[in-house]
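Got some structures for you, see below.
Common to both upcoming complexes is chain A, partnered first by chain B, then by chain C.
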Partner chain A sequence: MIEILSVTGPASVQDLGRFDQYRFGVGTSGAMDDVALRAGNIVLGNDENAAGIEIPMLPFKLRFDRDMAFALTGADVEAEIAGRAIPPWWRSHARTGDILTVKAMPRGARLYLTFGGGIDVPMVLGSRSTQFRGEFGGWHGRPLQPGDILPCAASIATIGDLGVEPAEITLARPNAAADETIVRVVIAGEHDRFDATTQALFWSSSWKITPQSNRYGYRLQGPAVKPKAPIEKRSHGIVPGVIQIPPNGQPIIQMRDAQTSGGYPKIATVIRADLWRVGQARLGRKLRFEQTAYAEALAAEAEMSAYLDRLRTNVRLIAEIRTCR
Partner chain B sequence: MTTPDRPRISLLGTSALLFEAPGAFDLPHQRRIWALAATASKWPGIREAIPGITNLMLTFEMPPRELDTLIAALNDAWDAAEGLAIGGREIRLPVTYGGEIGSQLRSVADHCGLSVDDVVAIHAAPLYTVFALGSHPGYCYLGGMDPRITMPRRQTPLQRSAGGSVSIGGSQTGVSASPGPSGWHAIGHTNWTFFDPSWPTPAALAPGDTIRFEIERVIR
Partner chain C sequence: MPIELTDIARLAQILERSGVDKIEIEEPGLSLKLVVDTGPRMAASSTLAAPAPDHSVIAKTDVAGQFLAAHPWRDKPFVAPGQRIETGAIVGLVRIGLLYAPIVAPAAGTVDAVIAEPGATVGYGTPIVRIRPLDASSPIN
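Take a look at the complex of A and B:
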């Protein structure tokens, strides 16, 4: 078990998400940076879909009520346990009574804390992710609070410390700038309802992530992009990554807690291989969109999967080497 | 893809595809969508077929390598689709129109050039059909609203709208099942449980069910 001692902002229990309940109006939820959650589970030898804690704000502090392995992935981090520093993208081991303190996130927006065996909350409608709008899943369907004691599934015995290369480095984009996140998008249904000049403005602009951005969606600020004529669509299904343009011309990227349907015109959709980059972009940061074709989007997903496959292989090899010694 | 009487098919990234039927926002078209959903949900590689308002979203187990086969299959299945008449149950929902939650009642009346009482009477008159579920857990999109009370969605969506809100968005109406962001205009509210994850089917209503709004009170 682990006990939450201090928490800032809406930290929550998330797995990869709930993907087959759209017909009841239930969205995916799940980790905003699914690559980091997968990696955090892989280094622990967990199922990749095991539930961890998504931490969007610091400080955060918890106590381990038994010996267990844990990992920190996602954002860059300054953390310590029992007087020793824990680097980012690192697996370590806690003893009963140890207190883990996460002090700062120098880069990135969300940190993932995973545990050997995973957080053992009940599966609700096929997932352990917190569904905030429906107030179910995760830990009682709500953000974590001090005093919450989370059960962890039984895990294997002590495994040694291990660091892995962050996704941000391995999957770095060649054209990445320090102050901007570039994400690839596939054009969506209403792209052609914007004239060429407006489309060009959408692609060339640097979009600022406003404070009204969260797990539901990222509201962006920049020049107004408006369709040739106002569009009122009949409501239809949407998925995380869809970029809607409400009448004010300021794009909204739908994120993991987004509604499952909408009617604002859609100009493009962030590809799955880049949605985690949006999840790691902080408020105030700039986003730029790069058009990509469906086939290239699939290739990008394959690249992401290959990174996770390599990670899995390396973790297994290291475990075997340690066993041999 | 832009021929007026042909369906429009577009991508939602690599995780889903959207099929939009040509023609009117009416029950016959929606029944064909329900039929198409029943067919497409059995296709290999399709995780879910989710009806919207005269449209259908297909989510993928794995994104298909190429899309032409799927697009052709959707077009063929649409042409072959006979309307699926779902005999649902009828629900009566008492509504308090206006008040703090239904604060947009006056704006809708002004926008439509009607009195508040007219808007209420027009809204409560039809027997609505649940066309689709979506937006948030348990939310129902209803078909059958009188076009005289149409009002475009908000310029900027609200960050938080109350649970139980009876709202108008464009030519559609619906009742929210829980509090959350919304781009629609709330004209009233109701107290009813639309969703419980512990139920065998988590949503209380399903496509094909019908709803009649009963005017419990009008706060002017």
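Take a look at the complex of A and C:
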């Protein structure tokens, strides 16, 4: 068990998401940076879909009520366990009574805290993710509060400290700038209802992530992008990653807690392999969209899978090397 | 099939355990030769010159790979000469494939020197950091 001692902002229990209920209007929820959650679970020897805690704001503090392995992935952090500093993307072992303190997030927007065995909250509609909109799943369907005591599934593994190369390093984009996140997108349904000049504006602009951005969606700020003629559409199915253009011409990227339908025109969709990069882009940061083809989007996904495959193999190898000795 | 650093590390471990001192692998476009160094280690020249007992302790690697003095996300190395560290503190990393294995301080003390070159390929038991332990520097004994 783990006890939350201090929490800032809406930290929540998330697994990879709820994918079987979409047709009934139940959104996916799930980790905003699914690569980080998977990496944490892989290095702990967990099922990759095991639930962890997604932490968007610091400080955060918790106490371990039994010996347990845990991992920190996602954002870069300044963290301490029992007074000992731990690097980012790190697996470590806590003893009963140890306190984990996470003080600052110098890079990225979301930290994932995973535990050996995973957080053992009930599966609701096929997932342990918190569904904020419907107030179910996760820990009583709500953000974590001080005093919450989360159950963890049993894990026999006693494993030593080990770091993982952050996905951002392995999967670095060639033209990435320090202050800008480049996100690959494929064009969407209403792209052609914007004239060439407006389309060019959409591609060339640097889009600032406004404070009105969260797990539901990111509202961006930049030059107004408006269609040739106003578009009135009935609500239709949309997915996380869809970039809508509301009447004010300021794009919205739908994220994990988005509604399953919407009526705004869609200019493009963030490819699945880059959705985690959006999840790690913090408020005030700039996004730039790069048009990509469907085949390239699939290739990007294969590259992401290859990183995780290699990680699985490496973790197995190092466990072998250490037991050999 | 490309050979990764992790494969070499594993081979080296297998050689060491089985008492075999050499292995050569040849495939089209690839040749690998591993020789286990079983001879006595050369002592550091300072210890040869000075007969005074050396109380320093050495933080060593426990896996083969590439030595990283700092986390790739940080500019600042884990330790610098003169720094006070506690037992178990991380003094560097060994990159092995996508993993970073920690190199830890065997005793509390003051960092004397970082012996290994950042980015260097290191083996099992390579000395990385020399530490002056707290007890040895105590004048009471």
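Methods note: the second predicted complex is superposed on the first by the 325 of 325 C-alpha atoms of A that agree within 3 Å, B and C clash if a C-alpha of one lies under 4 Å from a C-alpha of the other, contacts with A are read in each partner's own complex, and residues count from 1 in each chain.
Convention: a contact is a pair of C-beta atoms (placed from the backbone, for glycine too) under 8 Å apart; a residue touches a chain by one contact, two chains touch by 3 or more.
Predicted model only: the values in this text are computed from it and were never measured.
Overlay on chain A: chain B and chain C fit together in the combined arrangement. Look at A:Ser206: by the touch rule set out above, it reaches neither chain B nor chain C. In the superposition on chain A, A:Ala188 contacts chain B only, with no contact to chain C. Once chain A of one complex is fitted onto chain A of the other, the partner contacts of A:Asp76 are limited to chain C, with no touch recorded for chain B. In the superposed pair of complexes, A:Phe136 makes contact with chain B only, with no contact to chain C.
When both complexes are overlaid on chain A, the residue A:Ile169 reaches chain C alone and has no touch with chain B.
Contacts of A:Asp20 after superposition on the shared chain: chain B is touched, whereas chain C is not. When the two structures are aligned on the shared chain, A:Thr101 is found in touch with neither chain B nor chain C.
Look at A:Gly241: by the touch rule set out above, it reaches chain B but stays clear of chain C. Touch criterion met: A:Ile321 reaches chain C, while chain B stays clear of it. More residues of chain A lie in touch with B than with the remaining chain of the pair chain B and chain C.
Of all Cα pairs linking chain B with chain C in the superposition, the shortest spans 26 Å. Counting contacts by the rule stated earlier, no residue of chain A appears in both its interface with chain B and its interface with chain C.
By the touch criterion stated above, chain B contacts chain A in their complex at residues 2, 8, 10-16, 18, 20, 25, 47-57, 59, 63, 65, 67, 132-139, 141, 152-157, 159, 169-172, 177-181, 183, 195, 197, 201-203. Of all residues in chain C, only 6, 9-10, 13-14, 17, 62-63, 71-74, 86, 88-90, 93, 95-102, 104 touch chain A in the complex they form.
Every residue of chain A that touches chain B in the complex is listed here, in rising order: 19-27, 124-125, 131, 133-137, 185-189, 192, 212, 216-217, 230, 232-239, 241-242, 246-248, 250, 252, 259-264, 266, 269-272, 294, 297-298, 301.
Listed in rising order, the residues of chain A touching chain C in the complex are 76, 84-85, 87-89, 107, 161-166, 169-170, 307, 310-311, 313-315, 317-318, 320-322, 324-325.
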